[in-house]
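The same chain A turns up in both complexes below, where it pairs with chain B and then with chain C.
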Partner chain A sequence: MSVPLERVFILNAERRRELSRSAANRRRFSVAFVVFCSIVAALSLIVLGTLLYDIFAQGTGYIWRSSEGSFGERVSAFFGTWSHFLSSPPRQTASEAGIFPSMFGTIWVCAVCGLVALPLGVATAIYLEEFKPKQTWLRRVHGFVQLNITNLAGVPSVVYGIIGMTIFVSMFQSPGSSQTPVLEFGINGIYDQYESKGLRMLRVPVDSRDAPDTQLVDGMTVYDGQGKALELNLIPVGAPIPQDEELKRRTLVNVAGGPARSRYIDEAWYYVRIPFGRSVLAGGLTLMLVVLPIVIISAQEAIRAVPQALREAALGMGCTPWQVVRKVTLPASIPGIMTGNILAMSRAIGEAAPILMIAGVVYIKSAPGNLMDSFTVMPLQIYNWASDSHREFHDLAASGIIVLLAILLFFNASAVIIRQKFQKNLG
Partner chain B sequence: MMTDQPAKTASASAGTPARAKSFNATKHNGETPIIRQSAEVFAERAQNTQLGETAITISNFDARYGEFQALKNINLEIPEKSVTAFIGPSGCGKTTLLRWINRMNDIVPEARCSGKLTIRELDVLQPRLDVVELRRRVGIVFQKPNPFPKSIFENVAFGPRLHYKASRSELADLVEWALRKSALWDEVKDRLKQSALGLSGGQQQRLCIARAIAVGPEVLLMDEPCSALDPRSTLAVEDLIAELSKEYTIVIVTHNMQQAARASDSTAYLYEGELIESGPTHQVFTNPQNPETERYITGRLG
Partner chain C sequence: MASASESLNVRNRSLQGLQEFWIKGLLWLSAGFSIAITVVIIVILFGEAIRFFADDSITFAEFFGSTKWTPTVGTTAESKSFGVWPLVCGTLVVTVIAIGIALPLGIVTAIFLSEYAPRKVRAFLKPALEILAGVPTVVYGFFALTFITPQLNWVHQLFFGEEGFAAFNSGAAGIAVGILCLPIITSLTEDALRAVPRSLREAAYGLGSTRFEVATRVVVPAALSGIVSAALLAIARTIGETMIVALAAGSTPNLTVDPRDGVQTMTGFMVQIAGGDFSNFGIEYLSMYAVAAVLFAMTFGLTLLGHRIRVRFREAY
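The block that comes next holds the complex of A and B.
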């Protein structure tokens, strides 16, 4: 039955020579391949370097050029401009504009996204990997979920924007009715707000959102901190602002001579409403939908990489399935899970399309104060500036990209540190 | 019941160097066929061995992985407070049988079994069994060393922590005891906080043994615990087995005939999923009922 030895070519010197592959050829190919890989790697580095140089030159160059005086003065002016840029809202004039609201918008939205996506994604991954059901029909459900998660990872993010609109922003109500919340919690007060030119304002408490407008009459008296009476001067919109400094100080604009200028809702930091509206929470959750499949798939891979022998060891000592997860699988897979999460967050930070759908094109002049605040994010702000017809705004866009990259780096660095900390614990 | 045997006393007495020497002199004489070599040992053991009551009863036991039948109609009684050795060629189903005793095969999706397997009165195969409690009482050491990626101390303290609310100092004592018992203490006492993955293969295997005995199981299943050990640690582990067998029921899988002969009280020989022969070790080794058993033991098979 066995193979005749003369047919085993490895034992036949002549045949062996005939069949042998050229070692020199193989070595040459190997060297060529290494060279090829190095060139490709160098190319991508060059592209990255050029990009970074370009961004940094454009994003910082104009600030440097506009400063004057000695070197020390120029440096301090440089940092002064940067801190102004970081702490101011966007304005009509490029030199005054800043990125503050969208920067915090990005941080808020990404925080919401990360805080929800991580536990949800890891829990899903644990279920899919560690608690595979045994019954036939549950196995089918399991397979179905698995298949769909893999598919969802490839869905364009705009689609998630639409889903987010329906689910979080309006919660299946028709778009028009999403204005008034069905349920609210955490309102400190509702006011009619009158504003003066100097950003002073007058707030008159009202009972509810749809209380009738307050009517302002001339000659209101308010008391300042020391109990001194101050006669307010109400003027209609469009009327000239008094030149006299003292009078100007107590002048308020009475919009259209009648209705209150705006209804102001004083929201606590924990303010919640349903539906969420075009809020930070809706934006964060929508981004969460975008990155969830990535988080799940990478966490699954990390969990799968934990040797089965470790699970058996834990089970053999009398661990419950949950204890196996808690004490063995999770600690061993956290580095991998964190890596996946870094990738997911990097994607979330740069997403513009779904956020554009959720947040809309709005002018935001302050950072979000609670989860229900309206917001905008840096990619949108950068896009706005980059598409402006004035060249100065293009420089601002470059500065914005620098800030975006810095935040990205910060997120990634903290994730890497967490990962390394866990890895060290594992030894 | 066993300490007065020559083999045991030789290994159990004195400090380590002397022990290692005596081991080499008497046991590693590769030329002599094992049966003849151990003849006197068995003669003595035949008188001394009194196997206790049955701890584990296996009857009409079949096990399969999918379509493949790994065990066929096994009928075996494992006596309590003694060492039982499973021997047989590779792939004959020793590990499979061992893993069913504490239901480790639950986690192999395609593994199925039928028949009866009881530990004392406990029906191990009943679907509603609390496997966590079963596995606390029936510990297992796997064929391949599988320490957790934690410190050496944490590895040994892992099981006790699961089941007991012991103080730190009590845990430390337990860890030291377990490491001493598995002949690892001297090597690791200065590096308890270091990762267990930095240990050598043999050290890892002894760590796994320490980890298993630290839980205090009634039955200890050991799947080739000495396959990666040098003769000295092998002997130490055999000492441990001998000592534990005063209190616990021990099942050990081994490919080493000398080890089976030395360390076990009863032996079961499996071949291609069937139990060919079982009985007191001296009987199986000196007077096998089945010619196949004899061929395997003398090295002409498997």
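The block that comes next holds the complex of A and C.
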């Protein structure tokens, strides 16, 4: 307190000049900093632009370049190639390959994931937000569950992949495998399958998976791929192959040890087995583990946004806690919950690492037909193409990415629309 | 009549009580499911890791001491070497590059968004960052492989006269992971900056501070706990990132910090084993669980620490 007054308020002229100069410097520096900040912020826009441009150029450029003729013909060839890409299975030659099975794989896996994660996640969120206990030790459990969910959201998805592989695919290395399940349900029939001289599948029903090979007899009843009964024409080795197409289709050559045989399992659409193996169900449940914390956290936020006054009004009119949730809180927070869910699903669509652990690097030619079918998903197909050493497959990967991004855009746009349209102002 | 409706009401009440009880139980079960997931993760990872270490040819000292990682060489356990450091090193190189890019850029972008950006610019920039955050990681991996690596080589040629980056390198993977982390850091930091009350800024302006001084001496220090926790969460995310490194960083476990060389990260190794055709019961398969346990311990610790810092050091206004 012994500072002389003039040193605080009265400055000499030189000191005042110095201060004003430094103030101008400070102002100038500040303006420069703001400019610097805006340039850095613009960087992320530039990165996004470069990323999108690079992928679109690579994913459409080769299709455009390969088309010929007039402009109109080139445009129609361009869309023809795209529809071929969307409707064909992956093939060894890049120009014939498509993304069809992995698109359906994505739909199946995400349906399983959403159907399990949505109820489970919303129920957990309701418990955490609406049923906060009053006892001290229960409150501690409550806080522990909350902290645990925060931590689960930070676990890398590849770790969930390993967990899913252990729990769902091999079921803790249970003795069975996908070929020899411990338990199965929903088999229409088991057949021995032969390829006839007319390139048709001929099937003979057998009793079980490990039944002995069928002894083929000339004239016995066999079934074709459509289930139509035929009379088998078994000819010895060296005998002339019949010219008649109808006869050729049901002709097998009886080589030593019997014609080449494979066992065909006709599975119903509801077929399930234990262990699940590298199946759609295992993949979907694993993805469920990945997105569950995201679903819970976003649903919690949506529920928390419902004003307390609404709950108190309902309680005051004699509602039980569950009635408050069912009649007031849930209806009011449904738009928020749906938005969060759609965003979680778009995360699931783009997730490749856990599916890579579950499905492996496989070559899938058709869309899955039941929950136990092997599958692949779009990000995994893109990964396979991108890690191929041939450049043509990189182009295919870029095309696949365009399809993937379009689907994600559709999901995110619908999330935004739901948010805009159904969000009521409750405050 | 009155007594009948009354008894109906009472029955309804008790029925309702039963319903409440069941529903509460169901909700409790689904909340317990998330605890069960954590328990299962820990039991599986560390249980299998213990089985890995129980093998006679594997020692703890080798796993954490040796610098040679050759689990797929040869057929016997003796010909393989399990020293986890090359994988940890690969992960750290990618992490350092990614965070070195994403942290400064992310913080500066967040300062711009929360302090300076006009509303129109913000309305443009925020969705762009959200799109960046929503792009699947396999896309970034593809971008790193087919765009960033050639560009890095172009720059390298400009300075050194020759292409120096291998087809698979940690530099491009690190940059791509950095791009992935940028929106995460930006949005978490911006939340922290926005939570600083207006009165603090106004007080500083009132004392004659410039916009730069208000941002760096008042707002950022006040939001420091949020920024540190954002950085920790981003590091955890980087360590666990899989598809980018699987595509762009290569699969050679190198003990190198040169960003031009290929490395294998912990996640990259897990993908290689799971995607490859190694036997499901071999020692290299079990080593995947040991690596996953190390990875899990690292990310779990970082997430926990980030959470703790955010809660404990939060400046309450």
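Note that the second predicted complex is superposed on the first by the 308 of 427 C-alpha atoms of A that agree within 3 Å, B and C clash if a C-alpha of one lies under 4 Å from a C-alpha of the other, contacts with A are read in each partner's own complex, and residues count from 1 in each chain.
In this text, a contact is a pair of C-beta atoms (placed from the backbone, for glycine too) under 8 Å apart; a residue touches a chain by one contact, two chains touch by 3 or more.
As the structure is a computational prediction, the values presented were derived from the model and not from experiment.
Annotation: superposed three-chain arrangement on chain A; chain B versus chain C shows no clash, the two fitting side by side. Measured by the number of chain A residues touched, the leading partner among chain B and chain C is C.
With chain A as the common frame, chain A serves as the apex of an angle whose CA-centre rays point to chain B and chain C; its value is 80 degrees, to a multiple of 10.
When the two complexes are overlaid on their common chain A, residue A:167 makes contact with chain C while staying clear of chain B. Once the two complexes are overlaid on the shared chain, A:59 sits clear of chain B and of chain C alike. By the touch criterion defined above, A:314 reaches chain B but does not reach chain C.
Of the two partner chains placed by superposition, only chain B is touched by A:327; chain C is not.
Touch criterion met: A:134 reaches chain B, while chain C stays clear of it.
No C-alpha atom of chain B lies closer than 7 Å to any C-alpha atom of chain C in the overlay. Comparing which residues of chain A touch chain B with which touch chain C, the overlap comprises 320. The touching residues of chain B, counted against chain A in their complex, run 102, 104, 107, 109, 132-133, 135-136, 139-140, 142, 144, 146-151, 158-159, 162-163, 194-198, 208, 211-212, 215. The touching residues of chain A, counted against chain C in their complex, run 23, 26-27, 29-30, 33-34, 36-38, 40-41, 43-45, 47-48, 50-51, 54-55, 58, 119-120, 123-124, 126-128, 131, 144-145, 147-159, 161-163, 165-167, 170, 173, 289, 292-293, 296, 320-322, 343, 346-347, 349-353, 356-357, 360-361, 379, 382-383, 386-387, 394, 397-398, 401, 404-405, 408, 412.
For chain C in complex with chain A, the touching residues are 16, 19-20, 23-24, 26-28, 30-35, 37-38, 40-41, 44-45, 48, 105, 108-109, 111-113, 115-117, 121, 124-125, 128-129, 131-132, 134-143, 145-147, 179, 182-183, 186, 208, 210-213, 215, 233, 236-237, 239-243, 246-247, 267, 270-271, 274-276, 280-281, 288-289, 292, 295-296, 299-300, 302-304, 307.
The part of chain A that touches chain B in the complex is made up of residues 132, 134, 307, 309-320, 323, 327-328, 331-332, 426-427.
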